[in-house]
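One chain, chain A, appears in both complexes that follow, with chain B as partner in the first and chain C in the second.
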Partner chain A sequence: MLAELLNPYYLQIGSFILINIILAISIYVTLSSGQLSLGSAGFMGIGAYTSALVTIHFDLPIIVGVIVASLVAGIFGIIVGLPSLRLSGVYLAIATLGFGEVMRVFFVNWESVTKGSVGLSGIPHIGRELLNLFRDAGLDPSSIGLRNNQFVYLLVLILLLLITIFIIWFFVRQNNSRVGRAFAAIKMDEKAAEAMGINITYYKVLSFTQGAIVAGFAGSLFAHVLAYISPADFAYHRAVEILIFAVFGGSEVILGAIFGATFMTLLPEALRVISEYRYMIYGLILIFMMAFRPQGIITENMVQWLKKKFSSKRGKSHGSRN
Partner chain B sequence: MVLEIKNITKNFGGISALTDVSFQLKEGEIHGLIGPNGAGKTTMFNLITNMFPPTTGEIIFSNETITGIKPHKITDKGICRTFQNIRLFSQMTTLENVMVGAHSRSKAGVFSGVFRPKSQRTEERKIREKAIELLDLVGLSEFHDVVSENLSYGQQRRLEIARALASDPKLLLLDEPAAGMNETETASLFDLIKQVQVRGISVLIIEHDMPLVMKLCDHITVLNFGKKLAEGTPEEIQNNPAVIEAYLGSEEDDEIA
Partner chain C sequence: MLLEQLINGITLGSIYAIVALGFTLVFGVLGIINMAHGEIFMFGAFIGVIVTSTLKWPLWAAFLVAIVATAILGYLLERFALRPLRGKQGVSHLAPLISTIGVSIFLENASHHLFGAGNQPFRNSFAEINFQIGSITVYLVQIVIFAISIVLMMGLSYWLLRTKAGKALRATAENLETASILGVDTKRIIILTVIIASALGGIAGILVGMAFNSVNPQMGLSMGLKGLAIIILGGMGNVKGAMAGGLILGLAETLVVAYGDSGYRDAIAFITIIVILLLRPQGIFGKKSAAEGR
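Let's look at the complex of A and B:
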């Protein structure tokens, strides 16, 4: 029964949705301080390659690879973020897009290490490692009626789900704190934020770097879930895809990024039946979206409205009227 | 002296916005900065908060030179301002706006903001209480959860004052706080600024509403074409022929008009 429900293909799509959610959060975090960065694909690539190389060549556990990858992406975030302070809006978008392309070309040309456009294969797979871990502990998938590959994909999905929930929790909490208020203030009016005592240099680099770390982190997960990466995975089209997650879902709230990533990952899969037209429909949806709801599906107002509706149901008596 | 402006000159390209202006602000006084449009009043505010540096001259705050210090550090030292063209964080609620104002008086970073140890929760509660208290002070206690862009013009101006006060300033700079206000609103603004003074905060105010300035200020500095024209008590200013000329034109002009 359970064995039939758990189709490895669906489980894998589930994992991609979660990785895409993390990527969408990376662009959302940078946007929350008013910076539009299209460097996510580049940072994702840095994370993926760093983690893959570290685990392949030094035989380190995946978790070390992931941590090193996030740190390296973060360092690159600072290096790119500092000079980008002078830029804003489309100029920043173009500059970061350029950065992503530089990284891609770098992965292609540093053949001795990255194997060029052929890509890296044989990257340790999270699922396989977990499976071995469970086997060592004496738990065999067949004992709960699952085939090996079902069990592997299920483990990956559960692990990614926990990680994604933690990341969402982290940034929701950060948003409702002094740091989150500083980001929002900078986004709304940089000069006023500065006059209110907010060190805009620090907070802008902080949010840019956080975005880079999250993207690098997602990249390393991507590498260890696919076990194969090539420069084409981190090309300009990936950068645009990540941007679409945030813009489609709504970039004001974290819920928008989550929704956008989920919907935009599922859509091409759901449209698989009409294979050759699916990207046309994908494109049309985007065009209609920009025409009729440019702020994205989920907006701040919508969240506020839902909150109000929810809280007024719970206690009408102390609802304050303005 | 809370604030000493010493021989400040500011040139934008070849145009001189301020030329050799000096004045002083005593502790606890309300000091008016008046003058016709384009006299350099807002430029003076921007120089005090170091939005840009002066060409020459020096600004001293509480016996410490503050020229060349970054704007956010100036707020840290105890100067906070409002803006002539309202610059609230328009999509934040009223309460959040004031809480942002308390930024320089709190210190929670990323990790304490996320994991919320007791120190962070205490700090957050204090910020919130202070914000609520300041909203009471400026008469916006019923509007905590209203998004600030939905407030009326006069309310937005008072919210800007509350936001500035949240940084516990020693010196408050008000840039035309009464602009666009009706008489009732101006009257309550007068009371508000007097209450700010009672709290021991010195005030430097740019204002075009002359009856308000004359009633409110202990001292007035008059600027005209980037130069200091006069300085003194409201009575002295009102009877100063140079000021009258700058504002009303000379008697010959009157006859023509």
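Let's look at the complex of A and C:
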């Protein structure tokens, strides 16, 4: 029964949704301190290539690859983020867009390492490694009535779900901390925040680097879930797609990024007819959102309202019991 | 050999300059980076292909049709992507950037459906005509492109500096509110600016078609990003800076292809963006204050 429910295709889409949520969080984090970075695709590419190369050439376990990838992306984040402090708004967006394109050109041209536009294949797959692990431990998928590939995709999905929940939990916690409040203050008014004694340089670079690490992390997961990457995966279109997650869902709250990524990944899958026109629809969405609801579908007010409604209902039920 | 490369570079650079002029006009007046400019340019190029190859009309007709079509696109862009955002409360300054990215994505993928995703040949009757001057070969196309660019740039400079509409445009660029108080119809000027910028893009599209004999839907993106690099190089909203920046980038790219690694040609523009933004954010020709406050 379980075997029929678990269609590998749906499991695969589920994994993509989770990776996209992580990507959306990466742009949300940089936006939360008021910086628009279009370099997420570049950082994602750095993460994906680093992890893929490390695991292919040095035979290291995937987890080491992922950690190294996140670190490398983070270092690039500092390198790009520190000088970018001088830039704000539109200029930062363009510089990071330029950074993403430079990275793509390097992936295409550094053929001895990246295999150029053909891309890297044969990257260790998370699911298959986990399957081997379980096999060694004596657990065979057939013993719980699953086919091998179902089991593999299910494992990937569960693992990604745990990782995503951890990341969301981390950033929700951070929002309510000193760091999160500093980000919010800088977003509101940089000069006022500075006058309040907030170290702008530190917090802006911190949020930029966090975004880079998260994007690089998502990139390395992407590489190990697909087992194949090419420079086209990290081009301008990817950057725009990630931007849409945040813009559509709402960039004020983390829930917006999650909603945007989920909705925008499901939309072309649910409506096969439109998947050919997917990017045209993305374009229209951006235009309409900016014209009618620039803060995104889910806003701070909406979350507050939902919370109030939810808690008042709970309060009533409490009251009736007493 | 070097001289030939320089001629190639100047030809390419003069096209870049025209693309960048479209960017810089819009930025100067509206303070907006029009990310859709590259795609409007690409539409101009495709219209050139359709008019000359499919309809078999002469080249000047291609220019006319492309100018009209891109001007209409420019009007639609202003009407649906920029006007709704203007003067609205609580709209961040990033909203127009995102909105025009939306237009660019839409147009690029619309052109996949309209014109096909692959390369389209751009034929013109005098593509192969060339002259030998000493040891170097000069193509007539290059001379035509250069001449058209120079005429356009001079015309635009004259229009901006001497005519009433040009002065109104510059006044609006200086300060929209003050210009409006002084009786400039700023709404009309804004529409006019976007239309002229788009038409310049359309002309550049045909020039690129003539220069490279091939047109594809992806060229809008790379040209758009290069245009951005140029206006950052030359100073945002600076007309002369855009012209000079275009020539510099065209020459730099041609020389890198000739004497270096051609694969990195597309990276030059972006490396330029990053270096200039970090060292001299106001651009080579820009004033200090231009980079602040946005």
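Assume the second predicted complex is superposed on the first by the 295 of 322 C-alpha atoms of A that agree within 3 Å, B and C clash if a C-alpha of one lies under 4 Å from a C-alpha of the other, contacts with A are read in each partner's own complex, and residues count from 1 in each chain.
We take it that a residue touches a chain if its C-beta (ideal position, glycine included) is under 8 Å from a C-beta of that chain, and two chains touch if they have at least 3 such contacts.
Just so we're clear, the structure is a prediction, and the values are computed from it rather than from any experiment.
In the superposition on chain A, contact is made by A:Ala195 with chain B only, not with chain C.
One of chain B and chain C touches more residues of chain A, and that partner is C. In the superposition on chain A, A:Pro8 makes contact with neither chain B nor chain C. In the overlay built on the shared chain, the residue A:Pro268 is in contact with neither chain B nor chain C. Touch criterion met: A:Tyr236 reaches chain C, while chain B stays clear of it.
Within the superposed three-chain model, A:Gly180 lies in touch with chain B and out of touch with chain C [touch as defined at top]. Common to the chain B-facing and chain C-facing surfaces of chain A is no residue whatsoever. On the side of chain A, the complex with chain B involves touching residues 170, 173-174, 177-182, 184-185, 188-189, 191-200, 206, 210, 300, 320, 322.
Here chain C touches chain A in the complex through residues 33, 80-81, 84-85, 90-99, 101-110, 113, 221, 225, 228-229, 232, 261, 263-264, 266-267, 269-271, 273-274, 277-278, 281, 291, 294, going by the rule given at the top. Listing the residues of chain B that touch chain A in their complex gives 49, 51, 70-72, 75-76, 80-81, 83, 87-92, 96, 99-101, 103-104, 106-110, 112-116, 120, 123-124, 127, 142-143, 145-146, 163-164, 167.
Against chain C, in their complex, chain A makes its touches with residues 36, 83, 86-91, 93-95, 97-99, 101-102, 105-106, 108-109, 236-237, 240, 243, 247, 277-280, 282-287, 289-292, 294-295.
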